[in-house]
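Worksheet: one structure, shown below.
Naming follows writing order (A, B and C), and every chain is counted from residue 1.
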Amino acid sequence: MVRRGEKEGLVARERATNRRPGRLHRSWPGYVLVLPAMLALVGVIGYPLVRAFVMSLHKIILIRPQLGQPFVGFENYLTVLKSPYFSNAIWQTFVWTSVNLVGQLALGLLIALLLNSAFPGRGIARSVMLIPWVIPSVVAVLTWKWMYDGQFGVINSFLVRLGVIEKGVAWLGNTGTAMGAVLIESIWKGTPFVLIMLLAGLQAIPAELTDSASVDGANVWQRFRYVTLPFLKPTIVIAATLTTIYSYNNFNAIWLMTEGGPLRATETLTILTYKLAFRNFDMGSATAAGVLTFFVLLVFVVVFGRQYVKSQMEF
Amino acid sequence: MKKPTRLLFVAAAFLTLAVANAQTRVNVWIYESFAGNDSPISKAAADFMAQNPDVEINLIPTASTSSAYRDPFMVAAQGGGGPDVLMADIAWSPEFAAMGIVKDLSGHLAGKEDEFFPGPLDTLRYEGGIYGVPFYTNALGMFYNKTAFVEAGLPLPDADWTWADFRTAVDTLSNGEMYGFGLEGAWGGTFEWYPWFWQAGGQLLSDDGTTPTFNSEAGLEATRFFLDIVTNPRYVPEAAKTWKGWAELAAAFSNKVIAMYEVGDWGIAMVDGMNPPFEWGVAPLPSNGQRASLVGGANWVMNANTKVEDAAWRWLEYVTGPAVFPLMDGYNRVAARRGAAEAQEIVKADPRMQVLTASLEFAKARPTVPLWTTIDYDCLQPAFVRVILEGADVTSEMANAEMCALDVLR
Amino acid sequence: MAAAGLRRRARRLPAMLAAFFICFVFAIPFLWMILTSLKLPSELFTSPVQVFPRSGVYWEAYTRIWTAGQFGRYFWNSTLVASIATSASVALSVFAAIGFARYKLKGGNYLLLGVLLSQLFPLVLLVPPFYTVLRELRILDTHLALVIAYTSFALPFSIWMLTGYFRSIPAELEESAMIDGATRLGAQLRVILPLAGPGIAATVIYSFILAWNEFLFATTFISSPELRTLPIGLQSFIGQYSTDWNLLMAGAVVTTVPVIVLFVFLQRYLVAGLTAGAVKG
């Protein structure tokens, strides 16, 4: 990679023009470096995204092809916004995403700190922690669904044996417990990702800093609060942003366990969108719902992103 | 090399080339569970190709869950691609037809309609056309634990048993250790409910398919009777609330958790495979003056994008013709072609299959309007689940479901 | 000395026990999958629940997956697609991250935010338009389609991760390398890459797992059985009426283990001390 990079013309030109050392360099070579990735993103995701947006402005009922696909402006948006299912989905999405976020971050941080200290078998422990993330999600979800089963599920069998419950409960089948049950699976599956990010982030903390802090007599909490946390902040912000996005987009976990039920108790926006597209065959409304949630998430990302930029400045 | 040999060789090479060139390739999606190296369908394809050397049948086994099969086909066909022909669940047929992504085959089928059972054929009718060919079919029956019936001193269910007999049986068999009945409760139980609804004389939609008519006297009677049993925690296990696969029910049945459940012929091999430690049997669903059951199964449909309609049709004609009987014997299924009961070995050999095949006579299909699935999922199922989970009132929930269905159909 | 070492080790004991306990809890579903794959089909659904195989261990699923379908082929396909997509996305994101971290780009931070926008739309809705694009490019039903898709979908995370990481590496280090006669980009790559080990390792793991487990695109864009990837292969054990749990679980175990093994090798790049000291040194 290094050799190929040297061959690039931009490098040669840069050698001729920019010999002055400086912290941040002229910008144009930066654009050239960023460009290939941007092109890939715009081409592969940007274009379909624009097409999806255009679809949201048309009435597209797949099972009524005879109607054509007339332009209807923002009618689909109004339909979606007026639907009681949409407000329910917003609420479920909020619960789903925020519990996922808090759960995964807290667990990920705790485990990252544990696995960052040196002890025998640390490598094995780290590898084991990766397992939930690596298991193909369809199989992971089906396994959990089975473990939750009211009759054949190992979780119920364990809880009954412990005397916590008298007989098996259909955790996924009751409105009060379904969301919690799906959330546990999702936090279990998502935490390793946060963990890996934070583990990598912890490496960027200069060892002398923590060492000198402990020489100064700081206790564990103080060292965490005043040394580790500030250094980790950018990573935490990235992890939070990505966890928010991935939780929101998580389709398999909910769909395969509850299909959004019972009684829409686990119907997030992603599930609602899928149902609109593939069960009601209303692509216009489905894409409109997608665009609306795009903007909801955008607010989140901008808020988090500001934090990120700020934490970068503090650095 | 001698000259004549060489000539022969060249001629043979040309001939092979010519044949290869003239061969029309037909891409065929089949359910993964039908595939395998020596599967009956690959044998059928080989036989067909032997008779039709100009056609190459390319079987593409595809996982048959709706997200791996129906959705990709929809996306592909809408996008101008996809296989030439495919097996498809009867519930998907109206959707495909309405989207215009499968071909109307009524021209090909002219004069041949009588060769198929009317129930399965009806699932393919859409606005005057016939959008596929029936392949195999099944009807729901009642699997029951014979040993438990005998031990409880109950008469064994026969062709004449009634709703009252069923209710007594459920009540007697629910003894604290065993539950009398089980069902796929994750769907609210609507799948199992249809036959009861029809037995009570109900009609789901008006004949023109535009108005829901299930909130009727008959509908209420059936729904009350059915949900009365389902909501009784002594009769139906709590775990049934999340069951949505046949494996759980077969396991619950084989483990003596439930004494009865509604299922079709695919359940026989599943229960047999679990070696239940008791004797069991298959009965028709109990009647209420009228008899009814629910039609299931699969059709063949042809992609509207296909460029090889002629070759594809010849394959469909072959695979749903008389060759379908031995083919379906290989899968323990019943062909949707008339005469199946007399022609198929598996039916002749197994009295349980005979009961289920006899139920085909009065089995009905769900309405073939493309939005019926939506009505089922978004209107009926929530109504049932509210009754089951929240003890809601059947009368008001059926009224709600009717309003909801009206909204969907509008 | 020895006593101090012992004391230090004793202090670590609770952390170690806690770590192993958490690992165990997280591994339970995987253990359940392994146990399931080893039970006789008749022992799978039992009431009361049976945790361990009763009548001997049933290894057959592990041999059957290789003969029943084309699992070996899927394995190779997944390896190929995931490796290429991972290499491509890491390469692209290393360059992009150097650009973001080392150059003053006008609106660079907004661009960085923009990268994330691509992830804010439900994937299921991108599939139909994406299908049309791939069809127009005539690369439907090829591994190239998957490589392109996976590379792009791994980019946002990779760029963010690496940008943050590169920014934490002092720029002075490159300056000294440049004084030694290296070009700017050469110096950046030579200095940053070894120090960014943990960041790159995390990126590699992420991209690889994404490509290894992706289902939605693979099932829509690949139709030829010989081109299918592992998640599609696994799906084939889930039948219309019943699921072959033995094969599904054995298949999932076989799919999971190689990635974990890969990680065992990769994770030494995540080990403390390898980089942190060097940065300041």
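Keep in mind that, in the parts below, a residue touches a chain if its C-beta (ideal position, glycine included) is under 8 Å from a C-beta of that chain, and two chains touch if they have at least 3 such contacts.
Only a predicted model underlies this, so the values are computations on that prediction, with no experimental measurement involved.
> So how do the chains connect up here, line, ring, star, complete, or something else (other)?
complete
> A-B versus A-C: which interface comes out with more C-beta contact pairs?
The greater number of contacts lies at A-C.
> Per the centroid of Cα atoms for each chain, what is the distance between chain A and chain B, given in Å?
Using C-alpha averages as centres, the distance is 38 Å.
> Would you mind pulling out the distance in Å between where the CA atoms of chain A average out and where those of chain C do?
14
> Out of chain B, which residues touch more than one other chain, so two or more?
67, 71, 78, 248, 251-252, 257, in rising order.
> Could you tell me which residues belong to chain A and also touch two or more other chains?
Those would be 151-153, 278.
> List, in ascending order, every residue of chain C touching at least 2 other chains.
45-47, 128, 132, 235, 238, 243
> Chain C touches which residues of chain A in the complex?
1-2, 5-6, 8, 10-12, 14-15, 18, 21, 23-27, 29-34, 36-38, 40-41, 43-49, 51-52, 55, 111, 114-140, 142-144, 147, 151-154, 156-157, 188, 191-193, 196-197, 199-208, 234-235, 238, 241-242, 245-246, 249, 251-252, 269-270, 273-274, 277-278, 283, 286-287, 290-291, 293-294, 297-298, 301-302, 305, 308-309, 312, 315
> Please output the residues of chain B touching chain C within their complex, sorted ascending.
27, 31-33, 36, 60-65, 67-68, 71-72, 75-76, 78-83, 89, 245-248, 250-252, 255, 257, 266-267, 270, 273-275
> What does chain C use to touch chain A in their complex?
Against chain A, chain C makes touches at 12, 15-16, 18-20, 22-23, 26-27, 29-30, 32-33, 36, 45-49, 51, 91-96, 98-100, 102-106, 108-109, 111-113, 115-126, 128-130, 132-133, 148-149, 151-153, 155-157, 159-161, 164-165, 167-168, 171, 175, 178-179, 183-186, 189-190, 193, 197-199, 201-202, 205-206, 209, 212-213, 215, 230-231, 234-235, 238, 243, 248-249, 251-252, 255-256, 259-260, 263-264, 267-268, 270-277, 279-280.
> Looking at the complex, which residues from chain B come into contact with chain A?
Within the complex, chain B contacts chain A at residues 67, 71, 74, 78, 95, 98-100, 185-186, 237-243, 248, 251-252, 257, 370-371, 373-374, 377-378, 381-382, 385-386, 389.
> Sort out for me which residues of chain A touch chain B in the complex.
Residues 62-65, 145, 148-153, 167-175, 255, 258-259, 261-264, 278-281 of chain A touch chain B in their complex.
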